[in-house]
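Both complexes below contain chain A, partnered by chain B and then by chain C.
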Partner chain A sequence: MSAVRIDARRGAQGVATVSWLRRLLLSEYLVLLLTIVFVLVMLPVAPELASLETWRDIIGAMMPLLIVATGQAFVLIVAGIDLSATSNLAISSVLAAAVMTLDGGPLAAAPAWLAIAAGILVFVAVGSGLGALNGACVTRLSMPPFIVTLTTMMFFSGLAIWITTLLTDDGSSIGNLPQGFAFLGQGRIAGLPFSLLIALAVCVVAHVVLSRTLFGRWLFAIGINPRAAEVSGVPVRRAVFFAYVICGLCAGMAAILYTARLETGTPVLGQRILLDVVGAAVIGGVSLFGGKGKVLWVVFGALFLTVVDKGLSLLGLSLASMFAIKGGAILAAAVIDAQRQRLLRA
Partner chain B sequence: MPATPLLVIEGLCKSFFGVQVLFDVGLTLRPGEVLALVGENGSGKSTTMNILGGVHRPDRGRMTIDGTDYAPRGPRDAEARGIAFIHQELNLFRNLTIEENLFIGGFPRLARWLPLIDRRRVREHAAALLAAIDLDLAPNTPVSRLSQGERQLVEIAKALGGDARIVIFDEPTTSLTDRETQRLFAQIERLRDKGIGVIYISHILGDVMRLCDRVTVLRDGHVVGDAARADLTVDRLITLMVGRTIDQIYPPRAPAIRPGPPALEVRGLSQRGMVESLDFTVAQGEVVGVAGLMGAGRSEMARILFGLDPFERGTILVDGRPLERVTPLTAMDRGMAFLTEDRRAEGLLMEASIADNIALPSLPRFAAGVARLLERTRLGDAVERTGRDVQVNATDFAATLAKNLSGGNQQKVVIGKWLLRAPRLFILDEPTRGIDVGAKYEVYKIINQLAAAGTGVLMISSEIEELIGMCDRILVMAHGEIRAEIERAAFDREAILRAAMWDSVRHGAAA
Partner chain C sequence: MSADPHRLRLLLLQNAPLLLFLVLLGTFALLSERFLTPGNFVNIMAQAAHIAIIAIGMTFVLLVAGIDLSVGANMYASCIVVALYMKGMHPLAGFAVAGGLGLLFGAVNAFLVVVLRVPAFIATLATLFIGRAWALYLSGVKMVPFGKELLLLGRSSWLGVPVAIWIFLLVFAIAWTVLNQTTFGRQVYAVGADPEAAKKAGIAVPRVLFAVYCICGLCAGIGGLVSATQVAAAASTFGFQKEFPVIAAAVLGGTSLFGGRGGVVGTVFGAVLIQTVENGLVMTNADPYVYPLIISAIIFIAVLVDSQRTGMLERLERRKIRPEPG
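Here is the complex of A and B:
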């Protein structure tokens, strides 16, 4: 790095450009910058992007994604991955809605607050329980995380649909949730959306856990070199297991916001954000190779993806072309991640 | 014996990072001859062979094959000139069959223009090659199903198939049974009868005396002996290998005159194929060395003691109390520390900072409350102090990554991370491997300070000098057993090496 700087001072134009590009690539604000550039470029063709209404939508869509992606960061940091997060979300949504629904749910006669509390408990319990299942497969059975969560993704997703068909006549969704529940997804406190406050709380806690606690430091050490971590007395398996539990827990919490926003529990919840979950974290700069990540980066990544999503839909693009463009953006992020690794190694 | 030499190496010199490891090394190999190359670990055997194989380029020196110059630029050149290596770790693809392995370098095609493998010809050639080495196996047997000895024979077949004229064996018998060894020797003799030149590298001097026509002895990068077998004995070989003056200075240390109570007691520790009935004690304030050849079970023992590998029988007592479930965590709770021989893969987080590395094993001691929040100031101060204590050469411990340090400084970081825990018992596996002389001296000083403060030290090293210079007592291991226990007053290089080569001495006496 210092060599590059010296060359730049000598006035070698090409080297200066390389150095500038390098600094940009390694900057943690790269994605935030890209988001701003995207908005500026889009403004002439989609002026709605400047309206408060649009940004309210963006915040509403971004918060649940941010929570799932924050959970995802925990497993990415230990060089794992959880592809099943969105399926976990769907199951949590369906089961919790089944508990809360006034259409013949078990608590239909109980007071609303009790139903809501029970529902939230189910969200959290199902989310972390399924996360624990993934974690157990990865740590106890030593299976590759990709395979484990790819298969549990299908398994959970199928299960969610099956449960819905068992519980409902039309088999599509479970509605008629208690009135108060919708507040979680749509309500405001002092003008701020409740979902924003919840997401903020999750992010702050996650940030503290990752950067200030023993557990967080262990996760990074495992991500960098699990064998060296083990020799240094890190309980590798236990820590990795809890990373998956936290990832599942976040999926369960995100399911609360989604379900409250739609006021129904549905098994197709989150299918659209299947890749966004990993994508948001990776675009933000959380490394797929493990050992590198920050909650702030995930915030930037989720913001970028949501803004791009909104911008493209304002243009009236079809769902298919939006998928293609977003896929391209995630691919670009993965390429940049690989380049960063190379730059850092050089 | 034909007079024209097959291979001549003359005046080979080689330095790595300014340290010269070969000084005018020369040897001659005639067709139909088995030449043994012997020497201690680090005497220059591997470097010489790596130069011959085109892996390293020599600084000076000349090699000829059949009288014409040979200056390989890569392993492919070596192969083209008919040199075949049969390594300790075999280079076979275990997921493929024997025949696929034999022809992996170039399969016969159905036709010149058609890139399809001619299966029938592969099968026939493979069968012929296997017959030539008396290996009664179907050519389509997967290599994963073969024993270690059979794999070695397949390697030989591969060398024959490639029309090798010079075959180099590097410690071929360490993982073979007696019967497999006999079979291997019979094949080597057939290679000799065919006029192929064989270079045989081994620590097992009994085998060397039985098999080889001539022996070249290396010591510290010099050729110190080159003689026909008839003029040699195992005793003479050992004297040639070790006879050097102590060229390293060790910091003065007051040896533990009255050793304290035992820090570590090991009773009947066994794990099949690794270690057998180990019994020994390390007292507080005592430095106990472990000598032995590669594969003697020293590192395996260390890993078992620290809970990284399992054991079947035996007891480990730390400070007089048995360790119930041995894991790195329980071992560390009782004050154990472990410096691994593989610094890159297990000792350090290369991509993390010096500070993070030093802090890692001690983190739980700096985590407060239910949330286990780290007390960052206290941790930072402690890490800084420890880093300075072990003299890691860097200005900013939090900003410098471990991978950017020299080997010596990396090792100091590893030592530092354990010192922060103030260990009661420190197991060091090759603590000075790959570090320069200056850093070695500093590592020795730290070990002495630890012992003076009452820590028990168990130190594994392949450098006998180092053990003699540092230890109160030396355990000598061979084949997973402790073969000798020598007190400081009786330290003697030859006695140690003799015990480490116990088998070869026995074989040698029998031969």
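Here is the complex of A and C:
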């Protein structure tokens, strides 16, 4: 109401600018637009950005991130957060590689398909197990999500490093994985990268779950108003718990792609993408305050971050300045999110 | 009547950190003879000083139910300037600059959280990365040694007590007085307990919120320089992940993450507890890769205790309220 009154006082010109700005701020495609603008601006300085090779790289880097960020969206929609996704990548990568490795792994003598199957099972089990731990702490013990996942992040990344030092001589990574495993990260089917197909499948399933199922409705209801949801008969605790499990499961699946791409299990996997994971979702427009999000937005956010990342590294910028720019982008997205909330409330 | 077992459990929860401390003291004393000596105690206090100072600032933020994850980056960003440009100057000037820059860093956080209304943990997570990147840019990702006069200060002591501990005591005394003896202190507690009620009572809530983030930044700058007097050089990992022990110190000391409850005395106890653990692990020759596991497990326990206590207090308080009509 008050916004309308202010607009009226500003006169016709004011109304036009404000509503234009407002529509841009509230648009779903703002981030996609920004990505295109970024590419166009960068083209004169970094012409490589137009080559097919570069875009193949971008797709390769984006797919695992997209999977983690899609999982993160489930948690953000119930107004939670999972900062432990990066340590989840690390611990599942290390444990699964330990199972699969041909250097004295338990399945070194078994056929390759068995080792790979066991490895994938470990990825999925560790990922969703860690998610379940986070979910149990948040729902059963009513601990604040960000501090729970902050401590589990610290604990499990420490654990991943410790396990690696115990299992290997140099303590850096676990290599010599079965031949066929690398296919998951690098192989192609009908010219399309396998990772793209997996990510596409995850996104479609996530989209259907969020927009077409009762469970998806529950998550949005909880995010908008948990008390109202509870009063209306939504099993709030169970739904939130499963949101965290899904988030962990997605991290485990992304770890498969990351590990397959590097062909080693390493505890530093994903250390640098903590900001990217939350950032991809938030930049796309998934609200930190809960109740608002779409898989498509996460795709836009992940695309934006990966393209910016690639563009900046083509310019030869240092890691430090990339951190600064990414931190700035996420901050800007969070500011826009906060302003949107204010606009919607006005 | 029925509240009695609750009260007993609450008493246990309230004193859980103290029990944990005693258990740890006992364990380490059994494992190492050198652990329980007066010299080692002074050592622990001197090592805990910078954590305690920063955690005192963090206490202010936690009291209003906020959080500042950027204190480690703030330490590095403030102290790298002193290391790079303040060589040969009086240590007091160094403290003024580091404190001032820390305050500025805190003011940026405050602006984001209070004026732009970005959730505190995401705003400070972003400034963590930006601040660290800025410091890395300034230092060229190289190790930068601190000036001689800072190191001399770090090595000197007065009345047999290292200077770091004196600085800590000074910060502690000021913070305690501000929190317990001034109007501002009362306002901090009031805002943390119930921001709506505080607003209705005529407290300028945004101004209080702004101030606490500035105080936290100031403490991070000063605490960073205290740490600088002890470590000789700012490596690129200076202050890295310091937010963990700092938040843990405050929460272990009984300051609630949900706001409104706690104080600086407990925080100091928490900082000493954490440093005792680290010292004990060193004394008992534990595998260094295990440190983060143990520290994060302790933080986890502290947060768990805090959330259980908060839930229990809410239940206890609810009983006293008469049922609403209708």
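Keep in mind that, in the parts below, the second predicted complex is superposed on the first by the 335 of 346 C-alpha atoms of A that agree within 3 Å, B and C clash if a C-alpha of one lies under 4 Å from a C-alpha of the other, contacts with A are read in each partner's own complex, and residues count from 1 in each chain.
In the analysis below, a residue touches a chain if its C-beta (ideal position, glycine included) is under 8 Å from a C-beta of that chain, and two chains touch if they have at least 3 such contacts.
On a predicted model such as this, the values are computed, not experimentally measured, just so you know.
**Q** Output check: A:Trp218 vs chain B and chain C. Expected answer is one of first, second, both, neither. What do you get?
**A** first
**Q** I'd like to know which partner A:Ala61 touches here: chain B for first, chain C for second, both or neither.
**A** Touch partners of A:Ala61: none, neither chain B nor chain C.
**Q** Please indicate which partner A:Ile161 is in contact with in the superposed arrangement: first for chain B, second for chain C, both, or neither.
**A** A:Ile161: touches chain C, not chain B.
**Q** Would you check which partner chain A:Ser142 touches, where first means chain B only, second means chain C only, and both and neither mean what they say?
**A** A:Ser142 sits against chain C, while chain B stays out of touch.
**Q** Is A:Leu269 in contact with chain B, with chain C, with both, or with neither (first, second, both, neither)?
**A** neither
**Q** So, A:Glu230: does it touch chain B (first), chain C (second), both, or neither?
**A** First partner only.
**Q** Touch test for A:Leu32: chain B only (first), chain C only (second), both, or neither?
**A** A:Leu32: touches no partner chain.
**Q** In the three-chain superposition, say which chain, chain B or chain C, touches more residues of chain A.
**A** After superposing on chain A, more of chain A is contacted by C.
**Q** Can you list the residues of chain A that touch chain B in one structure and chain C in the other?
**A** In chain A, no position sits in both the chain B and chain C interfaces.
**Q** In the complex formed with chain A, which residues of chain B make contact?
**A** Chain B residues touching chain A: 306, 308, 328-329, 332, 338, 340, 345-352, 356, 359-361, 363-364, 367, 371-374, 376, 417.
**Q** Help me check something: in the complex, which residues belonging to chain C touch chain A?
**A** Answer in residue numbers: 67, 112, 116-119, 121-123, 125-130, 132-134, 136-137, 141, 241, 244, 247, 257-258, 287, 289-293, 295-297, 299-300, 303-304, 307-308, 311.
**Q** Using the touch rule from the top, collect the residues of chain A that touch chain B in their complex.
**A** 208-209, 212-215, 217-218, 220-221, 224-225, 227-235, 291, 344
**Q** Inside the complex, what are the residues of chain A that reach chain C?
**A** Its residues touching chain C are 81, 137, 141-144, 146-148, 150-152, 154-155, 157-159, 161-162, 165, 275, 278, 282, 288-289, 318, 320-324, 326-328, 330-331, 334-335, 337-339, 341-342.
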